[in-house]
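Multiple structures are listed underneath, in structure tokens.
One chain, chain A, appears in both complexes that follow, with chain B as partner in the first and chain C in the second.
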Partner chain A sequence: MTDDRLLEVRDLQVEFSTRDGVVRALNGVSYGVDAGETLAVLGESGSGKSVTAQAIMGILDMPPGRITGGEILFQGRDLLRLGAEERRRLRGPRMAMIFQDALSSLNPVLSVGFQLGEMFRVHRGASRKEAKERAVELMDRVRIPAARQRVNDYPHEFSGGMRQRIMIAMALALEPDLIIADEPTTALDVTVQAQVMELLADLQREYRMGLILITHDLGVVADTADRIAVMYAGRIVENAPVKELYAAPAHPYTKGLLDSIPRLDQKGGQLYAISGLPPNLLHVPDGCPFHPRCPRVRDRCRTDLPPLYAVSEQAADGAAEATGEQAEAAAADAAHDDVARVPDIGERSSACHYWKETVDDARRA
Partner chain B sequence: MPEPHRPDTPFDAQGAALDEAVVTRTDPGRARSLSSDAWHDLRRNPVFVISALLIVFLLVIAVWPSVIATRDPLYCQLSRSLEGPAPGHWFGFDTQGCDVYTRVVYGARASIAVGVCATLGVAVLGTVVGGLAGFFGGFWDALLSRTTDVFFAVPLVLGAIVFLSMIKLSGIWPVVLVIAALGWPQIARIARGAVITAKQNDYVQAARALGASNSRILLRHILPNAVAPVIVMATIMLGTIIALEATLSFLGVGLRPPTVSWGVDISAASDGMQFRNAPHILLYPAAALSLCVLAFIMMGDAVRDALDPKLR
Partner chain C sequence: MGRYVIRRLLQMIPVFIGATFLIFLMVYALGDPVTGLFGDRAPDAATAARLRAEFNLDKPVWLQYLLYMGNIFTGDFGTAFNGRPVTELLAQAIPISFRLMLVAIVFEIVLGIVLGVVTGLRRGRAADTSVLMATLVVIAIPTFVLGTTLQFFLGVELGWVNPAVSPAAPFDELIVPGIILALVSLAYVTRLTRTSIVENARADYVRTAVAKGLPRRRVTTRHLLRNSLIPVVTYLGADIGTLMAGAIVTERIFNIQGVGYQLYEGILRQNSPTVVGFVVVLVLIFLVANLLVDLLYAVLDPRIRYA
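== the complex of A and B ==
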């Protein structure tokens, strides 16, 4: 664990009790963020991205939710061992969250200036007047034009992009060390998306915050993220620096996601889609949860749950020289060797028995 | 594939260009909150205007009855008992020979005081119980909701009669307290539902994510979004509570003479013989009571229309 490690989630498990049974929303999620780093968490709806974020923030609805295992280390302290009041004090000054739908995340009966100022009144004990001044500063900071005139306006009087800026301003108000942005641009149109992402990236650089960017938009990720964690069925399936992941995905699911992005340079062809649907978390398939949809599925995938394997350049290069059955055998051997070694959270890793072939195929293509 | 990165987009230039547009755009429709929107609607609603004028009038004579009635409501001349309207005594005289007009005017004070105080009590008690039940849920919800059900099961009039016939205090406070103690479950249920609805909003989650405490979330973020139905219910209840006060006074357990109230006067005038000989002594206080109840119920309706965006 490096000194810079801001947040480390280890083997986090969350369940929801529903009428139909227990939904295992998270089955051992591990990821980490350093100060000043952006981690993008990718995945389809229902893959557990938001649940992880809520568990980190401590705003998971419990019940029906239940954290059944794991640790969330924030600046070296396990958040799950802290009391409710201690955790509340962390929210705002130390960690903050930006939500997807800014309109519904702002209180409709209070002016934005009041809501922004609330951060200073609650956490810093500022007076009303002082708080309003700071609110205006913050609105300037997130480049809202005519901030002073608009500070007393209500959320519905702002455009979608402006509202999202206000949410960002609110999250940044106390300059937290960690910001979790839960699909911050999903509700916005494409041009505004780019502006908001850029603003977020600028401010993050300026304050040297750790940023967890939850999204299912691979386009947004490529520019801003340093590392990517891909989630599937409540697990991390691949964890890699952004360039390496785009260059050569080490999990068939990641590859599927990348192939399903429309590209300007390949017009006319049919767009790739991953067949099938994400698994129902009430009945996660045996073995690798992705196997029913995987184009590379083999017998072993149906029975053995793949752990996170460390993906190393050398190993991948070595395997590239071998071919056919040899490669498979080598991969299996390597995999068996790696079972004992749990990859470090900052290391590139993939939860596929056959990550080597996947990487190599991607490199060759 | 991904959006190309444009690190040097001149945001501030864009912002400056937007600046003017924004200022001119916001000028015509200045910031309007929910309450100012509601007020805007209400002013244009004839039902509200009429009921508001009536209520203002009733409040004024409740506070300063001497403005329109110069006599003393307790000054009675038995010699003029049951006399009909006469110059200076438009409504005639009651059994005791008191001026009915003066008593009707002075009666507003007790009736409205009981109505307003009991409604406030009901609204506060109901909102606190219902709000806490809805907000905390689980065990507390079960406990408070079942308590509410227990109180709900007590018939309001019967309960009030039982309690008030045991208490031997005069004045309006026993009546106010008994009505408040028995009337809150209705408000509590509404408040609980409204709080549960408001609690599920994203902004509550957002406030929690930014470190707001429970009390702040409940008071600042949930309550303002949940009071509308409570206000509506309370306004309508105000009318019915005034009627309830009259009912209790009529039955002899509510306000008692020498307190001047419509209920007391209606009770005194309700003898069948007297009604045949001198109907005015019953009709005037009864009409005043009906008008007052009607005014508050109309107001409640108008307020509901204004505060419920779904009815717009």
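== the complex of A and C ==
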């Protein structure tokens, strides 16, 4: 663990009690963010991206949700051991969250100035007038034109992009160390998406904040993220620096995601889609949860749940020289060797028994 | 806003005319007030004719209505058959009913909203289920049963209050009748607030408020309650009129000489000017209360713009 490590989620497990039974939304999620770093968390709907974020923020609905295990280390302290009041004091000054739909996430009956100023009034004890002044400054910061005239306007009087800027401003208000952005651009026009992402990236650099960017948009990720954590069925399936992951994914699911991006240089062909649907979390398949949809599924995948294997360049290079049966055997052996070594949170890792082949195939292609 | 108010005031005119004309028609055109005045005895023809002429009863209904309305706008609500001017009855009854309504509405607002918020925040727990059961019981039992029971226990058995309210009807004597009057609406306010709270508690902006690190209390009062009260305020506004006019049973039980009591007397004695006079004033109260609710709505919810 580096000194810069801001947040470390370790083996986080969350369950939801529903009428149909217990849904295991998170089955041991681990990831970390350093100060000033952007971690993109990628995955389909229901893969547990938002649940992890809510657990970190401490805004998970409990009940029906329940954190059954794991640790969330934030600046060295385990958040799950803190009292409700201590955690509340962290929200805002230390960590903040940006939500997907700014229209419904802002209170419709309170002016944006009030909602922005509330941060200063509650956490800093500012007066009503001071708070409004700071709200105007914040709105200027996120480049909302005519901030002073608009500070008393209500959320519905702003455009989608402007509303999301207000959400960003609210998260930035107290200059937190960590910001979690839960699909911040999904609800926006494509043209506005780029602007908002750029703003977020600029501000993150300026304040040297850790940023967790939850998204299912791989295009957004490539430009802004330093590392990527790919989630599937409540687990991390791959964790890698962004360049390495794009160059050679080490999990068939990641490969599927990358292949399903429309590309300008391959016009005319049919767009790749991962077959099947994400698993029902009430009945997660045995073995690797991705096996029913996996193009390289083998017998072992149906029975053995793959742990996170450390993905090392050397091992992958070595395997690249072997071919066919040999490669498979080598990969399996190497994988078995690695089982003993739990990869560090900052290290590249993949939850696939056959990650080596996957990487090699990607390299060859 | 100003233009909206003017438009609403103009819209009130046809509503007012329509409502009063219907009441006028029902009271004057159906049944004979003069016969009613004499009760079981048949009036002699000459007296009846003189009375008909005096009260304009010999003219066509529409003309009677016009004459009556003309009088009303000059402040003359006509004379009741017992000789007292209707305005005098109104001046006596309306403040009493108003006080009773105030007591009832304060109960509704304070108790109803508090219970609604508490049950809404503890959905599915014991407190929630028991309050919901209690509201069902209150809604199911007729007012006269609850009213007379409470009157008997508090007034007669325990002797804590006077079972009948004195003609002056000061506030302290109106507390028990006020509770009785408020009970049914109180149950509805509780349920309405509860539903609204439950619905809004899952709203995204409440989650945002929590994520901002606001204390629980502030999240509830500033963010959750503010939004949840919009439908409740609408209900309360409309209820003002109902409480003023609809207190007939309560006012009979506790012998309160308010609007309901006078209306009841008026109907019983076929006292047409009394009935129509009171109804006209009640229509006005309803109209003004509704206008106030609509204006308050815009204050509570900035998304509603009146242009």
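In the analysis below, the second predicted complex is superposed on the first by the 365 of 365 C-alpha atoms of A that agree within 3 Å, B and C clash if a C-alpha of one lies under 4 Å from a C-alpha of the other, contacts with A are read in each partner's own complex, and residues count from 1 in each chain.
The definition used in the following text is that contacts are C-beta pairs under 8 Å (C-beta built on N, C-alpha and C of every residue); 3 or more make two chains touch, one makes a residue touch a chain.
Keep in mind that this is a model prediction, so the values were computed, not measured.
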Practice problem: In the superposition on chain A, see if there is space for chain B and chain C together, and answer fit or clash. | Solution: clash
Exercise. Could you tell me if A:104 is touching chain B, chain C, both of them or neither one (first, second, both, neither)?
Key: both
Practice problem: Would you check which partner chain A:118 touches, where first means chain B only, second means chain C only, and both and neither mean what they say? | Solution: both
Quiz item: Hey, is it chain B or chain C that touches more of chain A?
Solution: B
Exercise. Please indicate which partner A:154 is in contact with in the superposed arrangement: first for chain B, second for chain C, both, or neither.
Key: both
Quiz item: With the two structures laid over each other on chain A, which partner does A:135 touch: chain B (first), chain C (second), both, or neither?
Solution: neither
Quiz item: Looking at the overlay, does A:236 come into contact with chain B only (first), chain C only (second), both, or neither?
Solution: neither
Quiz item: First (chain B), second (chain C), both or neither: which does A:57 touch?
Solution: both
Practice problem: Starting from the residues of chain A touching chain B, keep only those that also touch chain C in the other complex, and list them. | Solution: 57, 59, 88-93, 96-97, 99, 101, 104-111, 118-119, 122-123, 154, 167, 170
Quiz item: What part of chain A is in contact with chain C in the complex they form?
Solution: 57, 59, 88-93, 96-97, 99, 101, 104-111, 118-119, 122-123, 154, 156, 167, 170
Quiz item: Okay, in this complex, where on chain B does chain A touch?
Solution: 1-7, 9, 11-12, 15-16, 18-19, 22-23, 26, 29, 31-35, 138, 201-203, 205-213, 216, 220-221, 224-225
Quiz item: So in the complex, which bits of chain A are touching chain B?
Solution: 57, 59, 63, 88-93, 96-97, 99, 101, 104-111, 118-119, 122-123, 143-146, 149-150, 152-154, 157, 167, 170-171, 173, 190, 193-195, 197-199, 218-223, 261, 263-264
Quiz prompt | chain C residues touching chain A - in the complex, by the definition given at the top | solution = 203-205, 207-215, 218, 222-223, 226-227, 230, 300-303
